[in-house]
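Chain nomenclature is as follows: A, B and C, assigned in order of appearance, with residue numbering initiated at 1 for each chain independently.
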C-alpha cells in the first residue's frame, strides 16, 4: 500500500526529451511521459483503455499518442479522439492522466485525486537548478521495498559499519544521537558533532586546518523526500551559533519513488556551494555519494532477501530506530486515512 | 478454465515419427504421443500413475511404454501390464489415454470424456493435404493466454497498425467493417473490400493489372480454429457474384491450442491454389505469414505483460470488438455448461 | 512441514574452517556456523534480530559476530553484547542459537527445542572417521522435496531401470522383495540376494571367482538418515549365516537435510574396509556412488517437475512401496505430534 495523494518524483526533466516516449512504473502503475510540441510535459497511464496494450510502444502523432495495436488515438487529456472503423467513440474511452509539474530539474507527479494536486505542496529543491550550487544528476534502482531505504536514510548508526571508508568517519560520529522532531508529514533530524575529524570524502575536496564541527539537518517527508542541510566548518568558527565561515556546505536532495512493492527508484543529487567552477570537485563529491549508496544497496538488498525468507520476522526495536519508527508511523497513518476516505466515497456513491 | 469436450490440434503428423516419443502439454496436461509398430498414433498422459515420473523419458518396448523409474510397463490402452517385484497389479494402475485422430496432416486430440469423442466433429482442413493446393507447415509458440490471440484473429482494425508493410494494406481496407454472424460454436466473418489495392505480400507473388476485389470469409470456432477462404481477384471479374477468375485464393488453416493458462501452441498453414509448382511462391507466402504473425506476437506479448500488472483492468469495448466479444461469449457459455455437467455427475455419484 | 526435534546433518566438519563464516539454510532457516578461537563450533540464526540483515556478511570480532549493518555485536550464546549509539540493550535482543555437535566428521544440528537436544540420540556413523575404513566426503544439492529422495532410497525396484550400468545389476536382484520392519523412528530393510552376479561397480574394484551372495541391511530413520551395512561375499562362504569371508563390505552413511520445501542437502559417504591403502579404489567406489546418485537426481527432478504441474495427483500405491509408505507414515505422525505439542504449549501460555 502506498500513499496516493502526494507528489512523487517521476524523473529528471531531461529523461523526457523533445520527441521521445518515456515509460516508468510508479507505485505499480506504468506511466507514459512525453512532451507536446510546445515542450509541455504530459503523463498518461501507459496502457490503452481498449485492450491494454502499452501506449509507449505506440506512435506519436502531433501532440497525440496512437496505440499501435488497433490504432486508437489519444490526446494529452487522455481522451480517445480517433478510432479506426468506429462510428462512435464511447465517452468512457480515455486513459488516465496524471498531474505533472517540472520544477528545479525534477518531474513531480501526483498519483492521487487530480483535484487535490496542489503544486504549492512540492518541496523546495531549488539548489538543483541554482547557478550558485553544483551537482550531478543521480539515479539508482533498488530491488527492495522503499521503506527499507527510508529506514537506512533515517539512521546514523550504520555509517561506520556500512561506509567505513566513505561517509562513515569515526565511530564517535556515529555514536552521537541525533535530535528527532516529529513533523506533520515526516520527521526532522538535527545532528551536530563538534570538534571531530572531517570524513574521508571531505578531505578529498578541501583542506581542513584541524578538527571540524559537522552538522546534518534534514527533513524526511512523505512520500519519501529527504532534503538535507549538511556540511562542516572548522571548529571555533562559530558554526553551531549560525556562522558559516570557511564551511563546506551541501544541500542533499533525495527522493525515493516506489516502482512496485519490491522495487524503488532513487533520485538524488548533492549540490555544494564551494569550488563550483571545478567540475572535478563536483564529480568527486558525486562519486563519493554513489559509492556510499552502492554500499547501502548491497546491505539493504541482502536484508530484503533475508526478510523475504521469514514473513513472520518481528524486528526488535532499538532506541537508534526512533526516527525511522516515527516516519513509518506517519506513513501508516496517511495510508490508513486514504483508505478510510476511499471507503467513505464508495459508501456515498452506493 | 478451458473447454474440454472438443478436438484440439496436438501437432503436425510428422512431429511424431515412427519410433520417437513426443511430449506436448495441452490445456495443462502433459501428453505423450507415439506410434505403435503399425503406425497407429497413441496419446497417453505423460505421467506415470505410480509416482508421477514422466513416461516420455522412459523406454519404448514394442508397442508399450516402460517408465524408467520403477519399471512399470503400460500398453496403448494405458493399462499397466507389468510391474517388477510386484505380485499383483492393482486394476486402477492405468494412465489416462486420449482419443487421437490423424486427418489431413494434423493430429487432433480430445481432452474431454472419451465417449463423446466423435471424429465427425473434426473440422475439414483437407487443403493441407490436397495435391491441388500448396503450403508449408507453421508452428509458433506464444507466452500468452490463447484468448488474446483469438481476439487478434477476430479483429481487422489492427491490420494497418501492426502489419503496415505485410498484411496491412491501406487503411480503407481496415476501415471496412466485416459482417459478423454468430454460429452455434463460434462466429463467421465475411468481409469484402471492393476496388482496392492488392496488399504487399500479394504483389510479390502475382502481377495484378489494377485494383482488386478482396475477400476474407472465415469461421472461427471452438476451441479456437480458424478456417479461412480468402483471396483477391481483379476488380470487374465478378468475384463478389461468385466467379473466381484470375484469382489468388487461399485456404488459411489455423489452430490455437492452449498449453497452459499463459502459453499457447499456434499451428498454421496458408494453402494456395496458384503457382503450385513454384516452391518459391509457397515459401514467400509462408514467410509473409510468419513475418506478420511475429508482428502479432510482439504486440500481444506486450499486451499480456501489461495486463498481468493490472489484474483489475476492465477493457473498454468498441464496436470493432463485436466478433471477438461474441467468440469469448461462446467460449464462456461452453465452459459454464461443462462445469454444470461436471457438478451434476458428481452429485449423481455421491 | 518438517520434524523439528531431531538431529539434522548440517555439514561436513571441514566446511567450517578456523576462521570462516559458513551459512546454510536448514528446514527453511538460514544458519550461520563458525568456530570460536578454541575451535568450538557455534550455530546462530543467520539473521540479525534488529532489522534482519544476514550476520554471515558481518564481521568476526574475537568469538563474537558483528552485524555490519548497524553494528550490533552478538556473542556465541546469541546475546547482543554491544549496540553502538544505544544506552541500553533490550534483553530480547538476541538471535537464536542451535545446539550443534561434531561427531565422526559430520556436524549435527538440533532445530527444535534446545532442552530436548540429547547428543545420545545422534546415530552412530563412526565408519566415517575410523582408520579401518575409507571413504570420500560426498555432497549433492537437489531441487526437490526431501521425501521424494527418501522414497527413492527406500525402493529397490528402480535399480535396474535408473541404474542399469552402475548399481543396477540384474533384474532378478531388483525383483527380490526386501524384508521391511517398522522401527519406532523409521524402517529397517533387510535384503539378501543369494547366488547372483556382482554388480558392475563391484567388479571394478575386486575379482570375484563366481556368483556372490549380496546383502543390504539398513535403517532409515527420522529425519532422513540412512545407515547401511551392505556388501557381498562369494556364494558358499557362509555370508547368510553371519560369516564374512573374502567379502567386500560397505557402511554407507547418508543424510538428507531439507533446505526448503523444494530443495535438499544430501550428505553421503560409502566407507569400505577392503583395499583401504589403495586411494584409487576409494575414488572409484565414490565415483560409482556419485554417478548413480546423479542418475537418481535426474529422474527425481523430472518427477518433481511433473508433480508440480499436477497438485491434485494421487499416487497409486504398489506393494513395492511398502517401505517408503511406512517411512512417510512415521514422518507424518511425528510432525502431527509436534504440532499438537506446540498447540498445548500455546494454550498453556495463553
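By our rule, a contact is a pair of C-beta atoms (placed from the backbone, for glycine too) under 8 Å apart; a residue touches a chain by one contact, two chains touch by 3 or more.
In this text the structure is predicted, and so the values were computed from the model without any measurement.
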| item | value |
| --- | --- |
| Interface sides of chain A and chain C: same vs different residues, half threshold | different |
| Angle, in degrees to the nearest 5, of the Cα rotation that carries chain B onto chain C | 120 |
| Centre-to-centre distance between chain C and chain A (centres being mean Cα positions), rounded to whole Å | 49 |
| For chain C, residues contacting two or more additional chains | none |
| Complex contacts: residues of chain A adjacent to chain C | 151, 155-158, 160-162, 171, 174-177, 299, 302-303, 305-307, 309-310, 313, 315-320 |
| Complex interface listing, chain B residues touching chain C | 25, 28, 30, 46-47, 49-54, 57, 66-72, 83-90, 92-93 |
